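In what follows, a structure is listed as structure tokens, so that the remarks can point back to it.
Each chain gets a letter, A, B, C and D, in the order it is written, and its residues are counted from 1.
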Amino acid sequence: MEKAPVRICMIGAGRVGKNHSRALARVPGGKIVALVDPVADILAATGDEFGIEARFASLEEALDKVAFDAVIITTPTFTHRDLALTAAAHGKHVFLEKPMALDLAECDAIIEGTRRAGVVLQIGFMRRFSPEFVAAMHRIEAGEIGRPMMIKSTTNGPGLPPAWARDLRTSNGMLAEVNSHDWDSIRWLMGSNYERVYTEVANFKGAALGVDTPHFYDNAVVNMRFESGSLGTIAGICPCGYGYDARVEIIGEKGILQIGELQGEAIVVCTDRDHGLVTPVIRTWGERFAWGYIHELEHFVDCTRTGKPSRATGEDGRWAVAGVLAATRSLLEERPVTLREVLEADAADAAPWIGKAGGA
Amino acid sequence: MEKAPVRICMIGAGRVGKNHSRALARVPGGKIVALVDPVADILAATGDEFGIEARFASLEEALDKVAFDAVIITTPTFTHRDLALTAAAHGKHVFLEKPMALDLAECDAIIEGTRRAGVVLQIGFMRRFSPEFVAAMHRIEAGEIGRPMMIKSTTNGPGLPPAWARDLRTSNGMLAEVNSHDWDSIRWLMGSNYERVYTEVANFKGAALGVDTPHFYDNAVVNMRFESGSLGTIAGICPCGYGYDARVEIIGEKGILQIGELQGEAIVVCTDRDHGLVTPVIRTWGERFAWGYIHELEHFVDCTRTGKPSRATGEDGRWAVAGVLAATRSLLEERPVTLREVLEADAADAAPWIGKAGGA
Amino acid sequence: MEKAPVRICMIGAGRVGKNHSRALARVPGGKIVALVDPVADILAATGDEFGIEARFASLEEALDKVAFDAVIITTPTFTHRDLALTAAAHGKHVFLEKPMALDLAECDAIIEGTRRAGVVLQIGFMRRFSPEFVAAMHRIEAGEIGRPMMIKSTTNGPGLPPAWARDLRTSNGMLAEVNSHDWDSIRWLMGSNYERVYTEVANFKGAALGVDTPHFYDNAVVNMRFESGSLGTIAGICPCGYGYDARVEIIGEKGILQIGELQGEAIVVCTDRDHGLVTPVIRTWGERFAWGYIHELEHFVDCTRTGKPSRATGEDGRWAVAGVLAATRSLLEERPVTLREVLEADAADAAPWIGKAGGA
Amino acid sequence: MEKAPVRICMIGAGRVGKNHSRALARVPGGKIVALVDPVADILAATGDEFGIEARFASLEEALDKVAFDAVIITTPTFTHRDLALTAAAHGKHVFLEKPMALDLAECDAIIEGTRRAGVVLQIGFMRRFSPEFVAAMHRIEAGEIGRPMMIKSTTNGPGLPPAWARDLRTSNGMLAEVNSHDWDSIRWLMGSNYERVYTEVANFKGAALGVDTPHFYDNAVVNMRFESGSLGTIAGICPCGYGYDARVEIIGEKGILQIGELQGEAIVVCTDRDHGLVTPVIRTWGERFAWGYIHELEHFVDCTRTGKPSRATGEDGRWAVAGVLAATRSLLEERPVTLREVLEADAADAAPWIGKAGGA
């Protein structure tokens, strides 16, 4: 017999909220029953687009008026802790977009709050559910390329992030907002935690785009050592303009494995031999990870039904935040920074740049 | 407000029925309310797998017991006409897997029956809904490669089709069962009907596989002239073993356009420099056309709701059957055959090989 | 100790003569000592470009004035027989560009003339020496893809051939001048002779280019059966505009093997996500087969030194001509034509269209 | 009229000497007239293989016995200075394999010695002559991808280098011996000098291979800032086992450009749909840069004839050495190191690890 659908309150009606609503429409068993956004216009437009009638300016209001089982939180990072804790306190399962939170203290609060409430907590690391990442992970675990020695992870995004998402003080900036996925997936694929990171950044387009935020950067390369002794790099550029570019390369003692490619749809055209072959590039993250988004929500629906823990845990989210904090400290202090420095510091000391502008 | 879902009776619980049920689960607005299959075991297994409780041995029984809006017919070709006519006579919209029918008289009956009943008729040409085919068609229509001069369409399938589907007498054989999509998409992409075809076939694996059906072939190449003066080839091999291989290449006065590739998931591995790089191949048609199947059923759901005619019509299905008949006649008579010979012949004369074994 | 270089008389100072001179400069042991061309301007320009001082309007003159060991004949097809026979009669080894000759009688004369003179005869089938063709052939012979079932060979050239090379009467037209390589390499790779061919042709660009030659075509698809029972297609378009496109696909009982690709240099660029990735296409045959040309001449130099027979024999050249004749008859008579019809016919009957315009 | 060939003394009869001899055989105008190697067996074998009769144990002996115009020095790095200075002192043009020398003082001596002698000095940076690098550079200079923001350069080699080439004390180790080309080409392609570098290294295979050299590493990632403000990474693994992997990716303000790929010959095979598509990987540096080696020697021959300065200068070689020294200091001191520290230091202070074991 058919199971009752998991009733979901979608928090955030912007770009990510729409992407997740679109993905959820392809997930049998999940159903959006309420939409929350403080911005009336966006709330109305997205509500109309997805046929969601129950619309609210706040989570509290939704909790008051509609029965649901779970929340999907797609709002800016600095809102994550409070929303997650409120939802958990009302017994709602929590799906939380990356990055998990601004600092480790917030991560700890979310982990503890959901644990105490006995609800599922899943972080939006959809790459862990993307078919080629899943297949790659199986092959690495099966020993196909031997012990991993080096990983290179690239995520370049086409457009300038919103103001809060490119400001160290309100979001930890690009390494957090664009490259959170790299932080998570390198740790996952390598089967080891990062131990030391060094970051170089550059600001090429800020001035032309009118960005005068302190420490703004649009290019970053981080290299790192893992606890296992292996090496890695994360490279990010945003805005890069040319597409959405997410690729990973892992080299083990026995061989190389590459995940992802620039090419989008399998179409090749040539109409000018001096110009050459033209093939679509992947344009957006929604296109790149279409199946990843579907499968991660399918997993979340399954976890909420069965009570099984999610495969993308709060601990995973916390590690990604820790990597960001270490890399940010490195770029500010122009020296390699160990994870231990971040993990053992007080919250205020670990990321002294946060909140200095008063939030968004 | 949310629209009531389109209630669907899935006819056929085998491989294609399961594939379409899987796709339909990702189509918001469509819902399987009944499952029909004369084979009890398959009916039970598929019913369980997809959580469909209303299960019947025949369409008539389902019509009698359950309310629904549409049927999806996935049973063998020789059953298509009767099932489609019965459904239409009861006012049900009809989604009909390719090939449409065994001969042109059957096609005409289906077209006429659905027209008279005022129901939607859609043929399962999912390539017309597959993102890269859709994008390619837009680019051709926009004139990007100029007037099409030549098209080459390949479909090779991994495994041996069931007995009825490899026998000229019960199905028109491989060119119908495996290559129907090629017949449809070359006509669609070229914007012209085929006018003359010539077929060469070979039988390489039949003996080893114990196939002794008369005129059995597992390799075919057809070349053809279109009414527009352009040229084309269809090549098919089944079983080919190495994967599911569906690629199209179109060359126009201004350039070349290729659709599809052998590569599956974007993973590259190399662990032995004497062996080389290894990347997944597309293994099955379900994998290759995952989005095509979702989008064609989304379109069907939309047509049944709005009454709009489908983009994959009975006329399209009839043309594909006509191509198969001409090509089959060519291989039997070892000469080029014009479409006119088939289109103007009586049904019995057009395909004298059909039904000679008494059907399946 | 160093061997004396093989002294070569290059006959033909045009595009092919220059290509071969360029390749020969990279072949240790071969040296052009004379250049022959009846057109004074071309003779002077090419002589200057390659630093060849001994220049003559005719082979006879060169024979009279300069000592050499071998000729490379790169002039139009209708001159091949006489030049090859003259060279052989003077004891010179003969490298002969494809197509070997206009008809089978000419081929027989060349084979016999060189045999009697005891000189090497090599036909310019450089694909047999191109590294990826050689590697593919080894893998096929080693049984990697099993017994070959189907081959598809494509050669599309960018520009309009000269008048003599697109006229059936003076050259057998495009299937000979552009697709000779396909005729040779499919027979070589399949390990079997073609037995029956059927040709469809089209003329898309002739009118716009001012070509009014009877039976001119710029598009052709030939499908065929081999003596082994396997199938094949040759497709050709010239001028295709978009590049030089030479690809082969072979499917055997155990798998598929593809040779060649559209991509030229390994550079990928993307500067516009709506336009997509751009990579160089192969622009010319000289670029595509740079190593093939070097290696075939290296082989020829080696054969002339050692007296070993060439791996691209007169018999191979003759078979390619026979394929062209059968395919041309097929397009003129709009029916499948067996090779036996051509092989057993008198020369005049085999190709009645040749010479009807009086030659070039 | 034909020019007299440039007479070359090849110094070093090992792997690189053979590779360059092979390339030189395809360079019209260059001719090896003497071969030098202190190891009698290798001298004999290579002399026989390339038909070089004049063979000597030392450059001095060759200078004494044979007339020549230029030397190609392919011996270990620690021999470069003395050989280059001796050759220059005798008025011979100097082609010097990378890395140029062990430290900046040696580089300065070579630059000064050749300058004073008025002979050509070319460093073996064949990537500057490899067709796809040349084409990429033209496109970057033409502004196609805008101002370069980030470069990633990878060179992984299949096998373990010889003892002297993996020991910091005798060669500066892998970053010098394997990744010299990266140091040169990133500086060339970015149009800027590196300014600061940070290195992480790992040793995964040393123990199993019996390597106990202090500071041995087989994996390295360097990230860096350029004087222009742009960023870069060099990654190297040796032995990586899976092939010879040299790829570069450059992202500018307007787009991305990739140079090189893993794929070798254009052959794709699939015989098992569970295994997937297989295509040759590039196996060796000789295969990867076949045309680069030919063109660099062609350029050297041209420079020696015309007296034009080479496009791969001693200054370029010196910068690559400086990068290696900074990156090596970084890995030893576990901190970012500026190029200024190296460029302004005394030779002994710049690279205190060199020669500590007494040389080779």
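Just so it is clear, a contact is a pair of C-beta atoms (placed from the backbone, for glycine too) under 8 Å apart; a residue touches a chain by one contact, two chains touch by 3 or more.
Please read these numbers as outputs of a predicted model, since none were measured by experiment.
Engineer: Using C-alpha centroids, which chain lies at the maximum separation from chain B?
Structural biologist: D
Engineer: Looking only at C-beta pairs in contact, point me to the busier pair out of B-C and A-B.
Structural biologist: B-C is joined by more C-beta pairs in contact.
Engineer: Starting from the mean Cα coordinates of chain A and chain B, work out the distance between those two points in Å.
Structural biologist: So the centre of chain A lies 40 Å away from the centre of chain B.
Engineer: If I count partner chains per residue in chain D, which residues reach a count of at least 2?
Structural biologist: Answer for chain D, listing residues that touch two or more other chains: 241-242, 254-256, 262-263, 268, 270-272, 280.
Engineer: Which of the residues in chain B end up touching chain D in this complex?
Structural biologist: On the chain B side, the touching residues are 158, 241-243, 262-264, 268, 270-281, 283.
Engineer: In their shared complex, at which residues does chain D touch chain A?
Structural biologist: Within the complex, chain D contacts chain A at residues 147, 149-150, 152, 156, 196, 198, 200-205, 218-225, 229-233, 235, 237, 240-242, 245, 251, 253-256, 262, 334-336.
Engineer: Could you please specify the touching residues of chain A with respect to chain B in the complex?
Structural biologist: Residues in contact with chain B: 1-3, 25-28, 51, 53, 131-132, 135-136, 139, 144-146, 254-261, 263, 265-272, 280, 294.
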